[in-house]
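As written, the chains take the letters A, B, C, D and E, and residue 1 is the first residue of each chain.
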């Protein structure tokens, strides 16, 4: 659960690019206006409050953390581990895997292993674990939905803020010299909305989606591994089957460790 | 069926943010114009009248209520209840569950239980209840469709209103001093349309969708629970199966009540 | 096949709102310009001629009629009718249902009943009727596609008309006093396009979609009913199965007529 | 393979409407500017060259021809023909159909008939023909994709051309009298892009899609017909099954030719 | 793995068209502004850094190479090869195919062949190879996603840059003569964003998608070929089955080489 440096670096670098772009030809203070910030940020946040209930809003903090950390479980390690577990199960029997469960941090892995050791029917194990995956996916999508909705509403409230500024400006055209600065202020909310959506919310939704995909793929490997071990599949064939979930370079790297290419080893 | 405070609070807070944003730099009265309200709100509503028939429009009131209330049946309670029902059925037989049906408020639950007690075939029960779910989903989607259509049409009629104002303004450019205020008024309909869509309709569509998902998930748990009890599934395994529908924290919390982690308890 | 008043009322009311909005602050004649009407309406219609062939264009008239009428067959009546047919078939045999076919106006219903009476295999009946449904859906979607395409092209040709007006206006800036009125005329095509799309085409596409859904659902009930009767399903269970297609209030209403709640009646 | 008059008429009529709309209030020459044509048409075409390879670009000519011609094989004729083939097969055996193959122009039909006469297994015939259909669909979608991409890129390069014109105009504001005409020229690329997309590319993509659907539906009828004949299905039942692919009026028309309504005839 | 000339030619030609369009009516230097380039390109790239992790960004280089090269394996060659392999397997047995594996460059082909020679069950081979395909597809989609996200973010940061320029310009309206040039500079970022998206990113995403489709289709042919050989399918029938994946002209061309039309040959 280490910090995902890229996310932080990306946001800071994006800020730096925009600030540098502003500073090369004018004052930064021109781009700070508290009421405009309030309309864009708070306005879109109140619309979020209408859509999501309090529990869901609280979970956003948890979801956001997910975008800023990297998951510890790697797919390659998972496949290696099942290779080892399948050999152990073949030598010492399924019950010998019970020790693995107590030390396990991944609740999904532990739950699947426990059901396997308890000799539940494979189809029932698969059904329960797939329900678990679909619920995990549902929770992940809810977290993405919060940021996605925000990414849509922030520019919308930016536009609403600009409309307010334009209407106020146009209604009192007495002083033509105030026209420019008033319109500059009116455009600030559109600027805030575009920046929030494109620099923060859209990339974070994307990152959450990619991390969710990776996590769900890991869980699919766990299901195939557990069902394979329980049905007494040949460890080499199970290894071949799970390696299909890895990118080609990861497969070769591991194959070499075992003394030959993965394909020949299956012979 | 308690009031969902968040929805009300969100709308009021959103209104407050917009009103505060306007009031800090001008008069609120500038933003009130009855003909503009009529074109935006009534114009988009007449388009709704074309799309939906009278029965569907009437049901909008019912649908709207759903966005402002919280449903009483919690998924966690459902799972606990089926755990208890499965044990009772095992001890006293399926017919002992008949008492549960008469007191039941949830018609879907009662209907499923009655079919189970009547010893209908599991596949037929599942088919009837899944048809019921798909019809419920259809009705929910119709309700969301009304607000969704409104969310698309309100800004469109806002733009139509602004076009009317612009065309009238441009056709009589004699008095340049009237240009600004005329254009301010023309922009009001766009402002109303954007506000209605982004502060009211889009968040309410989202809330209705989330509540519908939650309700349909509850119904899926009921189907699995009823089929599980009727097929005489071991109560501990049924419990394990239904808990896969709960978020991980809800599972552990309940597991503790039963004296140990859910996974070990299944052993 | 009565006139669907809502569609007519909605279009007239929408026209009235827009006309009232115009009339409160200017002359209606300002918004009438024949060349602008021709570019928006005829331009988008010629694009329709390219996409659709002559037969499809002719069928639009039929499709439009569907949006302005209400279908006679109600789902509730269908379910009641199958309840009665199932009982009759049980008492007097399948052949006794042959009289029903000759008087039947609904060709789909008659065709399904005839195949049932002819003792064709249930799977073949289902396959033929589902092919029929998918072709009906295809025809409905073609009709919706015509209006949907028009809803996209009308604003596009409105914008093309406005571009023509703007280019002509900008190329002769000699007389600044003509600027405003020229631009007002240029904007008229955009106004026409937005009005046609949002007040006429988009709501009609929506209405056609909802009517199509309702009709296809009725056909699905007919399939389930016919297959149920042919397979000799218990009339009470068939009734239970078909009632799952009705909204909860319609189910109770009918259940009461039979002397008790539907669920208990199945016991 | 006759010329599809509607497509040609539609494009010419659309051109006429736009030209008439321009000519009523100004000179046509105003709307001709070679550099603007080059940026919009060639610019978007170079982007097409990046996306598609040379073979795919060449096939566009073939694809375009498809939009301007009508296919000879009618669904109604197909159903009548299978009705005749099924009766012949029943009287004279499957091998009697071999003569039909040599004269057949439709390669898909001939291939399916040959496999049937060769007594290949029905499931293998279905699999091979369905693979063929999915490849045909893939080729059709590629052709539509070319025009679809062009429909998206033409307005985009129109906007790029307008941006170029605007930037050039704004950078030399010395001569205010040149402002209008410069901006008129700048808007020309947007006009060209909108016209190309909405009058040519979008309708042609639509027409190609509709023709592809029709052709694929014909191929599905051929599969069902061939499998039906090979499996020795009763010609009347096969007729009933294939007629479900026709619109209701086409069914009745043919039924009458055979001396009675199709449904009764099946009794 | 030859260079795909079309991609390079397309980009260069597109650049030439835009440069020519600019040069005919002004100086090219007007369209070069370093801070504007930085905001558009670097701003959108930092947002990419937030969404994708470092490994994924590195793989973009590999992905990009795919858009600029043509793949060596042709579908037609694949089908011919399986035709030859099926005949060899029938004459000399499955083990005779082992020599083919060692020389094989395509890892997917080699892996499938090895599993076939090792006599793994067909269903398991299919499952492993389909998992492999779905993972390849996942990796391809990730590469397309990078460019797709960039295609969305480049115009967005272009608009953010223009907003910065507009706000700075409007806040100091003292010198009206500077208005035009300032606005010209402000529009440059929108121009860069539109050009990057429409000339580079969108066509490259399209090309990657088409190449990915072609590669995945080749892998599907390999699966069908290997399963066909292992199940001892008649080489002529397998040939017929795999040819369904080819366009009609490719089939005839090959059929002629074998001395007759493919269909008759299967008799």
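Annotations
The rule we apply is simple: a residue touches a chain if its C-beta (ideal position, glycine included) is under 8 Å from a C-beta of that chain, and two chains touch if they have at least 3 such contacts.
A quick note: this is a predicted structure, and the numbers were derived from the prediction, not measured.
Shared contact partners of chain A and chain B, listed by label: none present.
Chains compared, chain C against chain D: the Cα-based superposition rotates one onto the other by 70 degrees, nearest 5. Per-chain Cα centroids separate chain B from chain C by 25 Å. With centres taken as mean Cα positions, chain E sits 41 Å from chain B.
Shared interface positions of chain A, i.e. residues touching 2 or more other chains, are not present.
By the touch rule above, chain D contacts chain C in their complex via residues 4, 6-7, 9-11, 13-14, 17-18, 20-22, 24-26, 30-31, 70, 177, 179-181, 183-184, 187-188, 190-191, 194-195, 197-200, 202-204, 206-207, 210, 213, 217, 237, 240-241, 244-248, 263-264, 266-267.
The part of chain C that touches chain D in the complex is made up of residues 35, 38-39, 42-44, 46-54, 56, 101, 107, 110-111, 114-115, 117-118, 120, 124, 127-129, 131-132, 135, 138-139, 142, 145, 149, 152-153, 156-157, 159-161, 163-173.
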